[in-house]
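Below are structures written as structure tokens.
In what follows, chain A forms one complex with chain B and a second complex with chain C.
Right after this comes the complex of A and B.
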């Protein structure tokens, strides 16, 4: 049996392209939870982010958070718009190949007051994902640590520390602050301890015999 | 197209009607072959259909036609209704959440990981202490904002987790960060 697709193929292309365009324009069904005023504005913001290759999921989640918390329409729109701007600034600082989780963490760090240059420096120093270092930086600032102190500590640990080391570092700082230590001092002390531990662990890993 | 030649036709007919000498053992050999064939079990139509379905065919496509078919597959994949929802990939790890709410009738874990849907992750009372509520969910590496919703009305941040600083809706939220190394 021989099928000739020349005419049929042309028709299919037209139909397919039209359907593809319609699919791209389709509004995320989760946004149905927003009221009729908020939904089209948020959908437009999401479409705009998608058109510039920014991650859209954080924007959808921020809008859904607002809807679930029964926030006013203008607050939801403002929050989504602000997050979209932060994501764009984060990408400017970290580069176009940055992963969506990294961009979301970087946007939060920027919102916490971290300068974009810190993000760029962090990217230069660390080969692994920046999600946890950026989150630790943000969380430290939220705990009352000055941005400069938090950034210096994270930068000093970023190159050689694993994610688990950084999370442990953050816990140590929070514990010391809860015990009454000044935030900047607690951060510097915990960073020194973590750096020493990372150094020891790295040495131990190097001395471990390899597989035959 | 050709015209019929009566003489030629007559010769062909005579040739076909001439007696043919057949080997006397032919009948036996034929019957023996038939006896070795598998028994007929009916389903002639089904067998014919199967043969039709399994017979190899040559399909000729223009490049445009092939492109159209490929594009159609892409559109079908993109138009799946669940394409907006994130499936938990293999790198997901389980995380436990705990909150103390002695007088609560219901507590929900709500956050970026479940579309802030209060019905998605109801927390369970701990067996040993009814005032403690727990939930365990898989999380992939990333940073998630969340909160506990008590009795459907009160938002409570996780006292054991960092506070979400970028909270713009006037109620407390917490942050959990899942690393990969």
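Right after this comes the complex of A and C.
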């Protein structure tokens, strides 16, 4: 396993800064799966997150994912550090009372390209958990829907829709895309509790492939 | 030799399209290259080769399509067609209603003497439901064959419905092109089954004055070979279109569709399984046709089912709900692999491994870069 000096250096700084609290905290036994170099750095990052009231479980899981995939130490450290930053940004956008699953979902949405302002607006609009709306937002972007279109659709549904409605909405978009609707149009149509934007742009005269 | 220039230009354009990334998130491009046997009404049958590049730009509020076709017939004659069409969706203050304004510009040319152009504008009003809808619209404009432009007026009404994996639509139109008038009834069907898409249409022209009459129908099948390549087979009979200048004919065509990739998002919805790029070439392809479904149960547990077309002796799953410890899946009597796990509500990351190979993302999951140089599947459990 290789370790870049840069990653090691910055990791050691974290270790040093967090030494006091790290000494006081019991290292998560699951981190025993990491090698002896990576483990203390990740443990320090986890402790640092705990000290700032960020959820630590996603960080542990990210490190374990790297271990299972036999990733290099510097990659594991970088991944955990990046996730910690994303979780922090997610909390900045959603507020200090955000639940750990919401923060994890928000971090994924930010990583997919959702701007923090969208998360803030989502929090303002919806009293219930944001976990599913954020997952739907991430999934729409993954389906090829531009971030602004996906965000507009989720925001339009967030205030009144239940989680099951949102999941059904995502399925409707996926189905329409599979049936040939453009992702952005499918999203806009489904968000308006409509359907795929079929039969639009009649002037393009849908033509069969190969028709001479 | 002069006749080769357009061919070369189209081939060059096609390859340039393939080499250039779409300029916007929803811009897509395709190039159809095919061979046809065609018999236009009143002409002898002929073989033809065609190249048809198309670019489509989509936004939630509108769409724009540019398409061209170069045809070279057995005789050496050639035809060129080009079309630019767009529409803008507007939302009236009534829930479920949509307005649409569109325009279409097109031209075609056969040999050096027969040339058409048309310029039309149309308006439609859609009433959209969850799985069905109706629309009504009208089109006006001009079309020209040679030098004399003729007015175009079309009134149309249509409906569509979706049932499971099948989309059905029907429309009725009454068209006036100069002193030509005709009515069309057309129904279409579209379905997608895995990598195979079927399209079919049947129609009838009647109450015609100078526009021909009779029954027509077309069908096509498209088989996706990957994200960027597909094979197509199509055929049928289509009617004369006095607006665009196409002549009625029968045809059978086959060819390949090459598709420009969308600009890659940071994560993508997975339509095909992916394997680690670190997989060794002699590993074979054990991940073909691997699909995973996550099915929440009322008791809070989640059933994970994996379908694979290839024989496997051992299938494992690892995710943030297993502490990334590989968990074996159990083989069922019908050849699937499954396990039931207590997965809490939220978004989760997971991978699958077959016969101790690389960690893969099966189809059916959202795919994302995993920070470790590979990919991870993401699933939301409500």
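In this text, the second predicted complex is superposed on the first by the 169 of 212 C-alpha atoms of A that agree within 3 Å, B and C clash if a C-alpha of one lies under 4 Å from a C-alpha of the other, contacts with A are read in each partner's own complex, and residues count from 1 in each chain.
Definition applied: contacts are C-beta pairs under 8 Å (C-beta built on N, C-alpha and C of every residue); 3 or more make two chains touch, one makes a residue touch a chain.
The structure presented is a predicted model; accordingly, all values stated were derived computationally and were not measured.
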**Request:** May I ask you to decide whether A:144 touches chain B, chain C, both, or neither, giving the answer as first, second, both or neither?
**Result:** second
**Message:** Contact-wise, after the overlay, does A:136 reach chain B, chain C, both or neither (first, second, both, neither)?
**Reply:** both
**Message:** So in the superposed three-chain picture, is A:37 touching just chain B, just chain C, both, or none of them (first/second/both/neither)?
**Reply:** neither
**Request:** Applying the touch criterion given at the start, work out whether A:117 contacts chain B, chain C, both or neither, answering first, second, both or neither.
**Result:** neither
**Which of chain B and chain C A:75 touches, first, second, both or neither** = both
**Asked** Once the shared chain is lined up, is A:152 touching chain B (first), chain C (second), both, or neither of them?
**Response** second
**Request:** Using the touch definition from the top, say if A:128 reaches chain B (first), chain C (second), both or neither.
**Result:** first
**Message:** A:105 in the overlay: touching chain B, chain C, both, or neither? Say first, second, both or neither.
**Reply:** both
**Prompt:** Which chain A residues are contacted by chain C in one complex and by chain B in the other?
**Reply:** 30, 58, 61, 64-69, 71, 75-76, 78-79, 82, 101, 104-105, 108, 111-112, 131-132, 134-136, 138-139, 141-143, 163-164, 167, 174
**Fill in**
The residues of chain A that touch chain C in their complex are 30, 58, 61-62, 64-69, 71, 75-76, 78-79, 82-83, 101, 104-105, 108, 111-113, 131-132, 134-136, 138-139, 141-144, 146, 149, 152, 163-164, 167, 172, 174-175, 178-180, 182-185, 187-189, 192-205, 207-212
**Item:** chain A partner contacts - residues on chain B that touch it in the complex
**Value:** 57-62, 64-69, 71-72, 74-75, 78-79, 81, 84, 86, 110, 112, 115-118, 141-143, 145, 155, 162-166, 168-171, 173, 175, 177, 179-181
**Prompt:** Can you list the residues on chain C that touch chain A in the complex?
**Reply:** 25-26, 28, 32, 34, 36, 38, 48, 50, 52, 56, 58-61, 63, 65, 67, 71, 83, 85-87, 89, 91, 95-96, 98, 100, 102-104, 120, 122, 124, 126, 128-133, 135, 137, 139, 156, 158, 160, 162, 165, 167, 169, 171, 190, 192, 197, 199, 218, 220, 222, 232-234, 236, 238, 241, 244, 249, 251, 253-255, 257, 262, 265-269, 318, 320, 323-326, 344-347, 349, 351, 359, 366-368, 370-374, 376, 378, 380, 382
**Request:** Could you please specify the touching residues of chain A with respect to chain B in the complex?
**Result:** 1-6, 8-13, 16-17, 19-20, 23-24, 26, 28-30, 57-58, 60-61, 64-69, 71, 75-76, 78-79, 82, 101, 104-105, 108, 111-112, 128-129, 131-132, 134-136, 138-139, 141-143, 162-164, 166-167, 170, 174
